[in-house]
Every structure is written in C-alpha cells, then in structure tokens.
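To start, I am sharing the structure in question, which I have written as structure tokens.
In order of appearance the chains are A, B, C and D, and numbering begins at 1 in each one.
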Amino acid sequence: MDYKNEKLAEEKVFKDPVHRYIHVRDKVIWDVIGTREFQRLRRIKQLGTTYLVFHGAEHTRFQHSLGVYEIVRRIIDDGFSGRAEWNDEERLVTLCAALLHDLGHGPFSHAFEKVFTLDHEYFTQAILTGDTEVNAVLRNVSPDFPQKVADVIGKIYPDKLVVSLISSQIDADRMDYLQRDAYYTGVSYGHFDMERILRVMRPDEEQVVIKSSGMHAVEDYIMSRYQMYWQVYFHPVSRSAEVILMKILHRAKHLHAAGYSFKYDPVPFQSFFDRSIELEDYIALDEHVLMTYFQWWRKEDDAILSDLCNRFLDRKLFQYAEFDPATEYRKIGELEQLFKEAGIEPEYYLVTDSSSDLPYDFYRPGEENERVPIYLQLPSGELRELSRSSEIVDAISGKRRTDHKIYFPEDLFEAKQEEQPLYKQILEMLRK
Amino acid sequence: MDYKNEKLAEEKVFKDPVHRYIHVRDKVIWDVIGTREFQRLRRIKQLGTTYLVFHGAEHTRFQHSLGVYEIVRRIIDDGFSGRAEWNDEERLVTLCAALLHDLGHGPFSHAFEKVFTLDHEYFTQAILTGDTEVNAVLRNVSPDFPQKVADVIGKIYPDKLVVSLISSQIDADRMDYLQRDAYYTGVSYGHFDMERILRVMRPDEEQVVIKSSGMHAVEDYIMSRYQMYWQVYFHPVSRSAEVILMKILHRAKHLHAAGYSFKYDPVPFQSFFDRSIELEDYIALDEHVLMTYFQWWRKEDDAILSDLCNRFLDRKLFQYAEFDPATEYRKIGELEQLFKEAGIEPEYYLVTDSSSDLPYDFYRPGEENERVPIYLQLPSGELRELSRSSEIVDAISGKRRTDHKIYFPEDLFEAKQEEQPLYKQILEMLRK
Amino acid sequence: MDYKNEKLAEEKVFKDPVHRYIHVRDKVIWDVIGTREFQRLRRIKQLGTTYLVFHGAEHTRFQHSLGVYEIVRRIIDDGFSGRAEWNDEERLVTLCAALLHDLGHGPFSHAFEKVFTLDHEYFTQAILTGDTEVNAVLRNVSPDFPQKVADVIGKIYPDKLVVSLISSQIDADRMDYLQRDAYYTGVSYGHFDMERILRVMRPDEEQVVIKSSGMHAVEDYIMSRYQMYWQVYFHPVSRSAEVILMKILHRAKHLHAAGYSFKYDPVPFQSFFDRSIELEDYIALDEHVLMTYFQWWRKEDDAILSDLCNRFLDRKLFQYAEFDPATEYRKIGELEQLFKEAGIEPEYYLVTDSSSDLPYDFYRPGEENERVPIYLQLPSGELRELSRSSEIVDAISGKRRTDHKIYFPEDLFEAKQEEQPLYKQILEMLRK
Amino acid sequence: MDYKNEKLAEEKVFKDPVHRYIHVRDKVIWDVIGTREFQRLRRIKQLGTTYLVFHGAEHTRFQHSLGVYEIVRRIIDDGFSGRAEWNDEERLVTLCAALLHDLGHGPFSHAFEKVFTLDHEYFTQAILTGDTEVNAVLRNVSPDFPQKVADVIGKIYPDKLVVSLISSQIDADRMDYLQRDAYYTGVSYGHFDMERILRVMRPDEEQVVIKSSGMHAVEDYIMSRYQMYWQVYFHPVSRSAEVILMKILHRAKHLHAAGYSFKYDPVPFQSFFDRSIELEDYIALDEHVLMTYFQWWRKEDDAILSDLCNRFLDRKLFQYAEFDPATEYRKIGELEQLFKEAGIEPEYYLVTDSSSDLPYDFYRPGEENERVPIYLQLPSGELRELSRSSEIVDAISGKRRTDHKIYFPEDLFEAKQEEQPLYKQILEMLRK
C-alpha cells in the first residue's frame, strides 16, 4: 500500500491528561513520533522557567505537540461540517504540521533565542528539510512532502484554511497549550469548552470561522488566554528566573569572548558563541545540557557566573519592583551608578524587563504583524468580526497591556545594609 | 521569638494540582524548602523512566515532598481527633520528616541505586546530619533536631505514632504519590477519598488506626495502590526503559574498570565507579547530568554504550516477552548461547527482569520486613486488623504477585532476519 | 452549656459535590437544618425550569443553602485575616443568615412570584419570625436572635461587613450558586478559584474588600457570572418553559376568577388566587404540588389550560424569535390581531419576554438599587473600585445587556399552514 | 427518505455532566425523546430516596436513559473493532432499546413495586407496545419494530450480542449509572476508565467480551460497582427513608381497604389499591403525585399515616441497629410484644430490612437467575472467565454479601424514656 495511506494494524494510543487519549492510526504519524528529532522535544519544557513558580509545570513540548496533533485530527476526522472531503495527502500534511510545529524550539526557548539571536522557526524549517530522521520519514511520503509541511508551519502554504488550523487567533496550538498549561500548573484559568468550539468551527475560504451561536465559548477561550498570560506566562517570579537564565548565558558568552579559561569548558555552546551553528549542534543542545553546565559553573572562579548559577539552581531569585520607563528613566541611570559604586555590576544585577500582550486583535491592514481576526458566521452566512459582537472581547481588543519591572538581588543588599550605608540607600531607592 | 515557633508575616502558598494549595506558615519549613538540597529534588523525577510511557509523568520529588508535608500538616493542624495537643517541637519534627523523607534520592533512583549498590535512605540521613544547608537550618532549631528528623525517617523515633504518619501501610507518603502519579499520568486509577480517610484516622499508641466506619474508603485506597502498581509502576515499557538505563550505567562502569578511554570523560561518575563517594558528589549528581552524558556517549566508539544511549534517548526500547523462571530456566541459557553466536552480548541485550508487589499484608511476626498492618477501630474501641473485616483486602492480603519478563532488541533481529537465519531462529524462540 | 455554644459530640458532614464536604459542629446549625421549613427547600429546585434545557439541573435550594453556609463558615472559622475575633453570637447570626437566606422561596420562584405578585424576601422574614419550627430553634438562642438573622438577610443589620458576606457583588451566595449551577448543568463556565478569593478577602469597616493581588481571581469570577447568566440563566428555551409556566398559573387564576368549575379543584392555590395567603399555605406549596396539578389539569375541559399543561410536562415548548421593542412595537399589535383572527388567544400564545443583566456595577449614588461596588485593597491600604483597575470588568461595568424575545407555538402553525393561509402568514411574520 | 434512515438537518446535543455531550442525529431517536412517556422519566428520580442522604442525588431516569443511549451509540458508531457492519434497523433497535430500557419505572420504583407487587419490566413492555406516543413513533419505523425493541429489553431478542450491550454484567446501563450516581452524590467511588473499556470491548457470538489487556480496567469497574452498592445504594439512612416510604403506602392501602374516609381522597392510587391498573393510570403516577399526597396526608386524622408522612417529608427518619436473623429471631418477637404493650404498632414502627448484593458472578448452570459471566479474550482468541484471571474479582465472585438491619423510631422512645420505664426498656433492647 501507499505509505501515505498505510494504517497501523491496531490503533495506538497515548494516555494524555488533557485529551484523555491521543489516537494514532497513520503509519506516517507513528514513524514521525519515533524520530530522534521529535523525541528530543521531551527534553524541552513547554513553559521554560515557570516550574520555579508553579512546581507542576514540568510538562514538555513533546506532549504539547501530540496534543495539537490530536485536536487537528479530531477536527479533520470527526468531520468538519461543511468542508469538502480532505484528500489523503492534504490531511496528512495538516496532521504533520500540527505535530511538528514546535520542532525547532531550543532549550528554554525564548531566553536562549534572545541571548544568541536565534529563531526557532528557522530551525523548524531546517530540521524538516535537512538531513534528519524526520525528513527521511516525510520524504518517504513524497519528495516535496517535507517542504509542504514546512510551508504550513511557515504560513505560506496555499490553503490558508489549513494554515489557520495551526496558527491563527483561535488555533489548535493555543487550544492545547491553554488547557495543558492550566492542567499542569493547577490554576483554574485555562478552562473553556473546547468540544463546543470544535463543534461550531466552520471552514471558510481563507480560514476557520465560528458559527455565531458559539460566540460565548470563544469569549471564554479568549478570557482564558488573557488570564493565563497574566497569571502564569508573565508571572514576575518566573520572569525573574528567566532574567537570571539569560544573564548566565550572557556572562558565559562574554567570558568566552574575553578569553576566560573555563574549568568546565563550554564545548556544546562553542558554536553558539561563535555563531557557527551546525544543525547537529542545535539538535544536541537540550535543557539537560544547560542545567548540567549551570551545575558545573557554580564552581567557576568567575564570581558572577558562579553566583548566577547558584541563584538559578537553588532558586535564590531576584526581587522585583514596578518601574515606569516613561517617568523613571533617570532613576535607572542613578541606580546603575550606585550599583557600580557598591561594586555590583548593574549589567547583571539590575535588570529591567517588560512583558506585553495583545490578547486579541481585529484586522489592521498595513500594520506589521497584522493578525487575522476571528470571524463569526451569522445564520445568514455573513461574517462578522468577533469584537463587533462581543463586548468583552471588544474591551480588550487591540489593547496592548505592558508590564515593566526591575529585577535585583534584594537579599544581597539586605544582608549587608547595616554595615554598608550605600547598600541601605540602594535598597530604599529600589523599594520606593 | 524562638525560631521553632517563628511564623511568616504572611502565609505562603504553593499552587498544587493535587492539593490545590500547599500552605506554609512556619519559618523553619520555609527555610528548609529554600535550601540547596531540597531544591535539588526538582531535578529528580518522581517516576524515573515512566515518562517514556506516560508522557505526563515529568513531575518531580520536589512537589511530592511538598505534598506529603501538606497532608501531614493537615492531619496535625486540622485536629487529629483524640490526640492530645502536639507540642511545638514534636509538630515541627513531624512536618520536617514529612518534607524531607525523600531527600537522599538519587537520579532515576532505583536503577541508579541498583547499579552502584547504594541506598537512598543512607544518603537521606547523611544529608540531614552532614555539612549541608538543610542541616544548618534544622540545627538552628536545636542541636539534636536534625537527628530527630532523621530518626523519624529512619523509623527509630520513639513515638511510633509519628513514624506511622510517614511510613506505614497507610501513610501520607503513599496517599500523596498515588494521587499525584495518577494526576500526572492521567490514569483513572489513583482516586480515593483522602478527605474521608483523614477524617477517620485516629491516633493509637503505636500507630494511626482507622475508625471502622471508614473501612470502605481504605479499601478504595488499597485498590488504588494495587492498580497503580500494575498499571503504572510496573508497566513493562517503563521497565524496558529502566533495563536500558541500568545497562548504560553498567556498561560505563565496566568500560571504566577496563581502562577504556572515554571521549567524554565521566568525571561526575568517577567516585561512583570507584566507590569513594563524597556527599558533595552525590548531591551534585542529578538527572540532568545523566541525560547529558547519555547524549554525549551516543558518540563514543564503544558500540554497546553508544547503542544503548541512542535507545534510551530516542525511545527505541527493548521488546519484551513473558517468561517463567521455574520452567524456562534452560531456555534462557540456550538463548544466551545463540546471542553469543550471533555476536550480540547477552549481558546487555538479553535481560530478565521481575516485578513483584505485596499490596497489603497483615502482621507476620518474626518474618523479615514485617509490616505493621492497618487496624480498624471498632465502636467498642477494640482494634481489628483490616483484612479480617474486608473481603477485598483479604483477597489480596499477603499474596505476593510477581511478573517475569525477558527484554531484548527485537528490532535488531527483525531487520536482518531475512539475511541471517540465526536471527530468525532467535526471534522465533523469543516470541514463543 | 449555653445553647449557642453547644457543639455536637461528633462533627457531622454532608457529602457535597461542590465543596466536597459540608461541616457542621454547632448544635444550633444542626437543629435548624432539621426543621420542617428548611427541609422544605429540598422541594424547590435551584434553577426552576432550567432542567428542561440542561437535564442535570435538578438540584435544589436545600443544597445551595448548605453551600452558602459552608463558604461563610470557612471564611469565619479558617480565619479572616485581619478581623478581630468574632464573638459567639455574631458568628452564629452570620452562619444562620447564610443558611437561611433563601428560606422564603416559593415553587419555581420567580415565575410564581410574578404571577401572584409575591416577594420571597417577605416570606423569608415571615418564616423566621412566625410560628415555625425554625423560629423555635432560633429563639432558643435568645429572644431577639430570629430577628437578628432576619435583619442580616434583609440587609439592615448594623454590621455591614456581615451583611456583605451574604449579599454583595461578591458574596457567598453567588460564589456557591455559580459553581453549583455549573456543576449540575455540566457547563464549563462557572469555574473560578474560590480558594484564592477566600484567601484575599479582607474585612473593611463596611464590607469585604479584596487584596489587590487577587484581582485576576475576581475578574474570573465576574466573567463566570457573566457567562452563566447568558449561557444558562437566560437560556431562551428555559425562558420559554417559564413563559408557559406563568401562563398556566395565569390561566388557572383567570378561570378561578371567572367562576370556572374545575374538575381538579385548585385547593392549594385558593388563597393565592384570593390574596389571602396564610404562612402555612405558603409553606405547604411546593413544586410537587404544582407539578401534580399540571398533570391533572391536562384533563380539564378548558383547552388553553389543558394545552399549556401538556406543553410544560411533555416539553412541547414555544419557539422564539428575536424582537426589538423599539422598532417592532407595531408588529406585535398586528400579530395579536392576526392571532385573534386565527382563533388563538394572544394573551397566552404570543408572549414577549425580556432578560436583562447588569453583571457588575460601580457605585452610582442616588440611583435606585444602588450597588455596593467591589473594592480592591492596595498594598498601601487604600481602596480602589474594581473597574478602575480591571479593563475587563470596566468593559462590562454598568452596561445593562437586555435580550428581547417573542415566544409562540410554532408547531401549531406549522401543522396547519397548508390548509390555513392565515397560519402561513402568521408564521412568515414571526420568522421574519 | 426512509424514516429509519432519516437524519436531522443538524445534529442535536444535550449537555451532560457525565459524557460532556450526548449526540443525536437520527430523527427516530429525536422523536422518541420527545414523547410524553419518555419525558415522564424526568419525574422519576434515578436513586429514589437516596437524596435524603446524598443531597446531590436529585438526578432522574431521563438523563440516565440518555446516558445509556450515548454509550451504546459510541460503541456502534465509533466502530466496534471486529464486528461486521451493523444494518440500519439493527442499529436503531439497539439504540432505542438503550434509550428506553427504563421506560416502565414507577415513582420510587423499588419501594412502590414492592408494596403493590408490580414489575417495571412488565410496564416497559406495555408502554412500548400499547397505545402510546412512543409506540406510534416506533411503529413508524416498521410494524414489528416496537416489539423488537421490547425483545431486546426483555432479553429474548435473537442476537444475544445486542442484548448483552444493554444487560449483562458489564453493560452500558451499569457503566452509565455508576458514573452518574457518583457524579451527583459527589462520592469518589464511581470512577473507572470507561474509554478504555469501550476500546477493549470485542464482539463475540453471544456477547461482548473484553480483550485481556483491558482486565485491570474491568477490575476497576467491578470494584466501583462494589463500592457504590455498599456506600451509596445500600446506605442505611436511605434504606430507612425507603422503609418509611413503603410503610406510608402500606398504611394508605390498609386504610383504603378498611374503609377509612380520607380527607384527601387518594384518587390516583385507587386502581393500585384495587389491582385494576390501567396503563394510563400507571403513566400518570409520578413522584410529584406521591410527594403531594404525602404533604396532604400529614393532615389526615390517622395518626400513623400522618406521622409517617411527617417523618418522610421532614426527614425525621428511623434509627437503625444491626440485627442477625439467625440468632436474634426471638428478640424481634419479644420487641414486637413490647411495642404492642407500649401502644406502638410494630407493623409500622419495627421494621427489619435486608440488603444483599452479588457484585459479580461466574456461570452457574442450572441456577435461577444465572448470570452470563464476563469473558476475557486472550491473545490466542481463547475466552477465559474473568475471575479465573483476576484475584480481586475472584475474591468477591459469587459471594453474596447481606446486611440485616432493624429500623425503629428512636426519637419517640428517647423523648419519653424518663416517664415510661417500658420505653426505656425497649430502647435498651434495641441498642444492645
């Protein structure tokens, strides 16, 4: 039989706390899951440093990827009211794109990308089309199959409806991670009625639209998203951990550039420091390697690297304070000066950080990062943009909310404030 | 104020999916949680290799330890009907023992211990009483406090009632892990009515007993335990992964002894190979370090080490078959011979493994590992051993169930069975 | 011992799906629960006709009342950070008010009250202070105790903080019913983190306020409320059933006034028809009695009464259409005319109905029904009205949303539209 | 189109707390649900008097019937691995039988049946084949269709596999009610992994069998059943309520026979008293009618009838004590004598009651009520009876457990024990 139509002799299932079971019948899907590059996602946490605040958040991109696949599989196989039958290859392209959309994520992805100016989307494409196990499986379907999967993930696939299942303002990716992250953190925010949303999804030419009777379920989904961002994803303590993580990588890079002689030579980081990254290096680098080096770098002579590693591993994080960049610009400058006088490098110990989210947006033609809005399909068949019907969504639509914080090692100043008046002064300034 | 009575200005809580919130008011508890040795438990998975079968099972001993603490805290603070008031120190000893009972676990604990003949209980004691951060915090309560905590965990503390809260056939440890493991794996087996059990626990002189009206809740707990063992803890695929993990460590140890020159020198394993382990080495070794070395050892020249590491990381596990040691002893011998002829080392590739559980036992005086049974307290005050009242418990009481399996790389034989008749012959024998 | 301090020998618990267990230790509370008037609440559904849409919604005011009590009990007994100790009587007044706040509800309360122009709050007061079992229990605490309980429920009790626990925009009543109604209907909307809200409640002089760090939990609660109103409480099919229910009672009242001779004499309704209601009559009237009469009235000769009863019991409800009173006023008049021509009484078969909700409101001095807003307590101690901090709440704050519908027996017109052109015309007009 | 193949224009769903959604696509099913006789099941509680112990247990046979239908629909439509395609009529017969299997249940079914020596199975058949709305709908499929549905429910349908889906030791009926009753009561016992069981069900010639790898899921289901029986269904307080209910009916029947002149004439009971029941009478009698009469009979002059009604409605139930019929036979006789001397009729106030359950049984040929056991299907295809593989099931297999209790109005004796030595003597005897 044709490989793309080949079915497993018996359906395989994965037990999943969020979707109960994840069902696999296609041989291709089973083979993709078995590849080295997909298994690697077990070694990348879904929520990076969040586990330092919500101790349950140890779940990985591996299971999230399976979850996105399962949602898309249900949309396709349980019948997408109104869409013409899927042809076999198109169905498989869509399922593979769902499964593989996060394939290029690196360890602690956002922080890591930022420090080394990388882009996980680039690596997703590279892994799909390079000399990898997953490429071999996909190529087995047809020579241009890997590229098609990459195109869906890269949002340039011709069928925009397919693209919108995986990336849009209401896609399988978000529906999985909101529920999954809520489950593992244990918060009560990520609940919405996904079954109902799946039932009211309708295929339109360019994207998925929502039958208008399902509006409230979508409102609930957008509220979930809003709450998860501010309660979980942007939690200041998790950001504090991320700040330290970035500063560790930053310091190591700096020391390397400065010719520092490491006790524990950062071999796996070499090519990242030198910006000569081979695909193989990228794939080999996972969170275990980072955590192992952090463990070792505790013992480096460089006091900053050592201290930051201790802080990260032993969860002695930075304290934070609100900070308004518009009005307190000068204060930061003064603080930096005081830190230097106190012998504490502000580059590593006085960090400003902002989180910003646009929970939902309508269409703004011509703007960068323009977003395809969610459309309701009225009984007449006419489409109406969601925020025009929903007061709640309208309230948050297009409103970017930003939160600025300043992070610093309060413990350090507190410990010595009695002896050192300068420390006391700094503390007072920080807390004001 | 006395350190042991010191309370936090404001109660701290941890969001926990199993107990909703974990509450901390005692300064000592808060300080213990902040120590390096306790934070290290974040880097030890609760269920070792189980995540390779149940992908949700990434949870750590850190959160399990908090969970056990929370259960004991509720027992003590919400009033343990009938027991005289706890004095402050005794309460704190009990809480600390609950929190720290798993402190000495190593990476992938059981497998690791087996290969290097270690005992995590020994290391728990060593960490509590050695030169560690956690010892410093506990000593701050009183000089003999660390030892008292160690005694509860070591089951030699004079007040047996306190010991029984943390280790007995119905203790806070088991109540937490059954629920927690069920939550993260997503299976439906770990449910029982813990609130009811907490309400029917009564203090007796030597141990916790159960008000007889709560018998059914306890039955349900024992069934949970029984199902979790066979459905999750002894899952053959997870055991297959554990077999490979042990064989990796075994091979590395062997190569080291044989003077093999590693490309990636196993520095952190050195003292384990040589049996000259310092406490500091032990604490520094976590699952990240093991996983990092497995990643690196993929590239070693030794084909066995490299293959086993690939298998573990890429989840190309061994297949398994039933095996009856009583009648098939000879078959193993024959298979070993055939493996050797085929050029495959049976020591690493033909592994027998047994799981065995005694879900509940009544008291058998004089036997080793004697267990304190669960007693029901009748309305008259009289105690009666559980299996005398419960048919279901009686059915499984004292019956050890054992499962024998043989593990082998089926893929390897399958791939070449057409070319090599010997491979085919081996396969047929294994599958028979 | 003093009755008000008397405790049960052993705590009693009720198994509750929402709060797990409801705990009773006070003898007074136990005795109140055992009274005839409180047990009567088992015979009044919490959600009236909603069970005809959400078949799970068979739960009663009895369990809701226990739930409100349990929430208030936890607020008081688990320590209300910051409030001075409660004195025994004040605590008991508050608990009793929580338990008894719905005592005066009649069968299918809102519909019933509307038809007979009654007020359940009046009856709550009457039952508390009249010659009833519950009054006897309360009077046993002290002679003025029943009145104090009535005053809390009536919102005229001097301590406004106590009043606000039971009736305010974030009170125990709402927190229970949102969760309970969501549980029994099975919808996913009623979830919010009540444990967190209880933890961030702070006592202020006049009311409960919320620590500002808990703002998002309160947002979630308000969104729950919003969604429950529109998805469950105002569900048009449930309103259709309520419309029919009211028309049944209306018709029976009309027939009685017109001297119609009932086959099944509506004895229990007599005093309601004649507005000479004795407390005893009121208490005796429950939903069973109404349902029994509906069953019997199916066989009355009056075609309207009989038809409406059949419709209600067999769930042959009215169809509905959107309707804008501002612009379609004339259309209703025309339809009424056509109905009359068709021999169908518009008074019973052409019903307009509006639902309207104000999900949250800030303070509007001087307006009727002024609502006490929810205040956040900032770290500085300063209070800030919720909608000033929360964009989402601001979006819906003070905005009354109203939904107008017209209900009619579509089946009746459909059945005969081929024979009767007038029926067809009416149908077309209704559907337009 | 053929009525039996007619589909609804758009799928209808019922929101269900247990199965999330219940899906209806067949016009026949939709029409059956809309019949008067099926809607009547909304007025019969699933668990009779249990709501007096577990206040959540207000759920009805209506929703249970939908639940059983949904499970069977999933088995059929989601593909029953291995069975040949269902033909349309056979599928519909099976779905209708699932939906209608409880159609003949009367109010408080078991108690009611016992007092009036009725059999709900007889009435199910009668409603299906008599002059009813449901018969009209079914007959519309084909003239012999109602009888076929009746035959499945009556277990005489030729295809035993179909019968076993609805009544066997592991059928859709039990799977629904265990989960549903657990949900509404809030107990933690009714959980088992139904999805897994549905996945391991295999069609055999005469019945459904279970793939042996699913054994543990079935064990869990049998344990659920066992626990639900003893924790919920046989709860002594619920049995106490049932005892009183039966005694009310018994007393009314007796008074009627004795020519007592009722203030509230028991018209709807007449034909039951006289054993001249018309189908219409039976259908008209629901729990609302019973509860209404209980309310009215509180005011009858007959002290026994009035007292029992007060007890039932105000939940002043009888107390209970253990009782061993083998050894305490004489004691009952003595107590009866003493009751008579005290002027309390033992026929109504001294009631012995037994509950008895056989949680699972293997096949016992020739015995009455022989049960078809559950078979496991081994990998070889061979069938093995469940208890031969499962120790736990073996432990309870074929073991009937019986619980005997004696019920009596303790309150009555307590109130006057000081004045009346006889009362005190009776109390002491009862409590011994």
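Everything that follows uses one rule, which is that a residue touches a chain if its C-beta (ideal position, glycine included) is under 8 Å from a C-beta of that chain, and two chains touch if they have at least 3 such contacts.
These figures come from a predicted structure and were not determined experimentally.
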item: Joint neighbours of chain C and chain B, given as chain labels; value: A, D
item: Pair with more cross-chain C-beta pairs in contact, given A-D and C-D; value: C-D
item: Chain of greatest Cα-centre distance to chain C; value: B
item: Whole-Å gap between the CA centroids of chain A and chain C; value: 44
item: Chain centre separation (chain A, chain D; CA means) in Å; value: 51
item: Chain centre separation (chain C, chain D; CA means) in Å; value: 32
item: Residues of chain B touching at least two other chains; value: 20, 187
item: Touching residues (chain side chain B, partner chain D) in the complex; value: 187-189, 191-193, 216, 219-220, 223, 226-227, 230-231, 391-392, 394-396, 399, 401
item: Complex contact set, residues of chain B against chain A; value: 14-18, 20, 34-36, 39, 42-43, 51, 54-56, 58-60, 62-63, 66, 183-187, 284, 286-289, 291-292, 295, 313-316
item: Residue numbers on chain D that touch chain A, as the complex places them; value: 13, 20-21, 195, 199
